[in-house]
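First subunit A sits with subunit B, and in the next complex the same chain sits with subunit C.
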Partner chain A sequence: MSPHISLAGLPLENLRRKPFRTASLITVVAILSVAFFGGSMLAMNLNKGLTSMEERLGADLMVVPQTTESKAEALLTDGTPNTFYFTNDIESKVAKADGIAQITSQTYISSLAAACCAEKLQIIGFDPQTDFVIEPWVASQYDKTLGDGEMVAGANVNVSTDGTIELYGKTWPVVAQLASTGTSLDNSVFVNKATVPQMVAASAKVAKRVMPQEYASKAVSSVLIKVQDGYDAHTVADNIAKLDPQLASVGFVYPGGVTASTKTSLNTMLSYMLVFVVVLWVMGLIVMLAVFSSSVNERKKEFASLRIMGATRGMLISIVIREALITGLAGGVIGVAAASLIVFPFSGYIGKQMQLPYLQVGIGSILGMALVALVFAVLTAAVASLFVAFRLGRPEAYLTLREGE
Partner chain B sequence: MLLEIKDLTREFIRRGVPFAAVDHVNLSMDAGEFIAIVGRSGNGKSTLLNMVSGLLRPTSGAVTIDGQSVADLDDKALSRLRNRTIGFVTQSQTLLPNLTALDNVILPALFFPDDSDGQAAGGPVESENENAGVKSAEPAETPADDPDMPDVIAPVRVSEPTAARPDALSTRAHALLADLQVDDLADSYPKELSGGEMRRVSIARALMNRPKLLIADEPTGDLDAESTLIVMRLLRSLADHGTAVLMVTHDADALPYADRVLTLDAGRLADRPSR
Partner chain C sequence: MKNKLFASIPSIVFGALIAIAPHTFAYVCKVEKMPMACHWTAQAEIGVGALIAVLGVIALFVAPQIRIGLNIAAVLGALLAIAVPTVLIGVCPGAMMHCHMVTRPTLIVLGVLTIVFSAIAIWLDSRPAKRV
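Entry: the complex of A and B
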């Protein structure tokens, strides 16, 4: 003998026996959940990317060769690797300007499509003695001084199992790999300045030399400056430009401004996303209300029958709410799963397409947001169903029954 | 006194004009009494039955069932009364479309599972029901001697909470369906049943909790002569075993089974000679 119906099983039976209505409701909730969870994950990832970018940009001002400002900005956000450099000793000249608290220089070299990697790498040479941008970050992963010929790799760099990278036909030891930042720094390797000439020499052996050998030991791509308290980065830039006619035509990049403009783009995108989610939610709610209310007449009779048999108003509301909870939960789980299939596997692609710092948030945040999305889905379905519950639970069941005939 | 109706009135408004569908009706019923009410359509019969069961509120007057004033009961108490004391066979088809015939019959037993059902009608004597192979109370008098008479009238005692003895409910529901000769349709859904079959399943559902008062609104409305006979004998037998039966009917063949026949004309109740 098959088990008979139970009061708790009634909502499930009602859903099971109305597959089209149930599937429609679940689909609507699933679409809402995709938008809500997917949108929230994108927003959170972008936000984390931006925060990470802000943390990595310890400099207030970058002095770069004329016309290379955009390349330097791309380095900070999400661009392709580049090689550019001054051909003379600029750091000592710039250091004389008024308002500088800390100064260091970096050298940027773009590798070829390396054997180990699907894309070109950005090689960043920095001076561990004066650096205040990379070193604190490297220090979080590697507490020794970076030796000559050693590398620290960004998060997305493919490091061999033996802890090396092959670049320009030479194997370089990787002493540490950094956490993800969501910026192009993830596709970079960091070396000390003394390693740069070795790189240039190695490049000459396997391909086109990345820069003339005579510049290899002194090439500086960017001078990074932290301004003194009370000084504005633009004022310091003016001071630098006035120092020497040679410096009048250099380019200036203001990482704070890059962050601000990125933040503006991000906020614009988040606003659109919010509007999109809200509009979709309102539409979804309307569709669900329409589906629920279209079933009111059909269900008037069903609920009047239950009242005639002795069901309390609370029982009726409980049945409707439980149907909604099951629908909402099923739709929510499907929606979160569907959004996850898009957001997580294609994280890198999404980040690239957005041209914004994009960094996956931690598993705790993901699970938390999934939970919020599920609660949101369930509540949405419950809100839509309340309308039916209260219309059907009115005291004079006989009149409801007559209306349903 | 199981049922007492005092000065019961229900007014409706039709095209802006109030009219009394039920007009100052008085009626008393004892346990085991079988009353039939006849009258033309629209004369307030269904309205009266629905007020008795608390599904419709009277404009004035009072209904007392088993010592409880229906108007004074809150939703839970009224629902419990409807579930445990009253069995209602509605005029229209009210089986739940999503449940099988068997589950439709069982459903009322699930609403207040912790209630003792010692209130159920039926004699203390129990005998084997040959059809369903279950214990059922044997009618005290002649009906069991009648080969056409279903012998399910006094149902199996289901004194344990539902969760503890789920099979007892199925067994009882099957027995009821068997005695109404629709047990072979137990696993069918209402849309697969004819009007007459649905009516018989509805009657089985109304009897599931062994009501003290069975209210039947046109119980033979969709039935052929043979099914009418089965149903009316069943109702008669229920009354013989202590269940009060209040029936509204247009069916002249059903009237001889009642102890009293009343007429409801323009909302007013009056006696009419019965069998």
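Entry: the complex of A and C
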């Protein structure tokens, strides 16, 4: 008994009988969907990383030792751990400048690789009494005061199951682990200032001392300043430089400027990505138009036969459009799945390679974007088929069928 | 012939990649004092990958019904290839470690691709033969 093909099942049967043409069309749509969904997810993750970075930069101005500005900037974005510090009491001198609303200091030490199989960590010593940058963030997840010898760990820090971390051959208790920010702060541990000398002493026992013992209790890597309303960070920096000849040579980092430059490089990259996706999409649309046209052209006799059997012009148009919709949907699903296999499992690696704040968006946004990508893929296939579908059925069916005789 | 190639080539390629990836392009951490979990994962994946590749080679010489069985075995092997770095042995817990960032996702992706291609091969081989 021969299989019965209904009008509703005809588009699927047509696609099945021409596997090479169908596979080619699905491949084109899948490539477009990979570019669209993958590109959009990267853009969304980068934007989320940037927003997170802006939230973490509570200071308007950082005073750092001469020539260490780039190291301090790297600390704010996505850089390697560093150790640098002033060798004199800088905070009290800087505090005398005009235009300062809040002032605090931090000490940065780069650890050795923490215990086994871990990368170097950035140790950040801060003063919980005066801090206005890290403390509010820590307070959102740990409501007690950080005790001496205790640590708060960034999201990527490998904390052992007993809630400790091994640094410089010593085990330190971790009282809280912070949420991911997409910046290098995720690879940092935070301690209070009183813990810094303990760390320096511990470092001397296992390797080269990270800083001379005499500086351990007073070393300051950066002075963070929130400027008063009506003052500009650059003006306050000038005021500081004029205070003392010693301060004339210090380095200044403007976290707002770091955010702005990161935003600029991010926007440049996003615009290149957008151009690439648009060009690819236009090319894909042209290829699909060409394939649909040639396919409809070579199937003229088939459509003429259907007309003679009683199919209306609308029915023929509907068959072609439904074939395109099935192709678009299949290509879209394959494309979204293929992009997901790259973007999600390799999220950490992509973030590291980009050297930009990169933070995975939530499941709701991912599902929403997948849906948009699918709709876009289906619409593209539908638009490509619409151009040729309306040419169908125009010639006389009998003449078409006798063509070439 | 087409079905035979589809049932064997992907298994051979992905099996070989699963076996060699943790030792080459998606390398794990170097053994220093004590071998870490990722080292044992890399060792285990040699066996799992080789098994999948051998199933692919055998599929070149057998009847379609047996190929279906071999591809079911390849799917189970791929599930094992995914379970080794995620559940059974694991990798280093540090999120920025190469084995965590590259090796584990690579093995997951290769495992998923093996499952997808094997499932398609099973479907192709289980279809009734074409009428002439």
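One rule holds for everything that comes next: the second predicted complex is superposed on the first by the 387 of 405 C-alpha atoms of A that agree within 3 Å, B and C clash if a C-alpha of one lies under 4 Å from a C-alpha of the other, contacts with A are read in each partner's own complex, and residues count from 1 in each chain.
Assume contacts are C-beta pairs under 8 Å (C-beta built on N, C-alpha and C of every residue); 3 or more make two chains touch, one makes a residue touch a chain.
Everything numeric in this text was worked out from a predicted model, so none of it was measured.
In the superposed model, A:309 makes contact with subunit B only, not with subunit C.
In the superposition on chain A, the chain among subunit B and subunit C reaching more residues of subunit A is B.
In the superposed pair of complexes, A:341 makes contact with subunit C only, with no contact to subunit B. By the touch criterion defined above, A:363 lies against neither subunit B nor subunit C after alignment on the C-alpha atoms of chain A.
By the touch criterion defined above, A:14 reaches subunit B but does not reach subunit C.
Look at A:155: by the touch rule set out above, it reaches subunit C but stays clear of subunit B.
Contacts of A:5 after superposition on the shared chain: subunit B is touched, whereas subunit C is not.
By the touch criterion defined above, A:349 lies against subunit C but remains apart from subunit B after alignment on the C-alpha atoms of chain A.
Of the two partner chains placed around the shared chain by superposition, subunit B is the only one that A:301 touches, whereas subunit C remains out of contact. Taken in their complex, subunit A has these residues touching subunit B: 1, 3-7, 10, 13-14, 16-18, 301-302, 304-315, 395-399, 401, 405. Listing the residues of subunit A that touch subunit C in their complex gives 116-119, 155-158, 186-187, 341-342, 345-346, 348-349, 352.
Touching subunit A in their complex are the following residues of subunit B: 46-47, 50, 53, 55-57, 75-76, 79-84, 86, 88, 90, 92, 94-99, 102-103, 106-108, 110-112, 162, 166-167, 169-170, 173, 189, 205.
Subunit C contributes residues 29, 32-34, 36, 38, 92-97, 99-102, 104-105, 108-109, 112-113 to its touches with subunit A in the complex.
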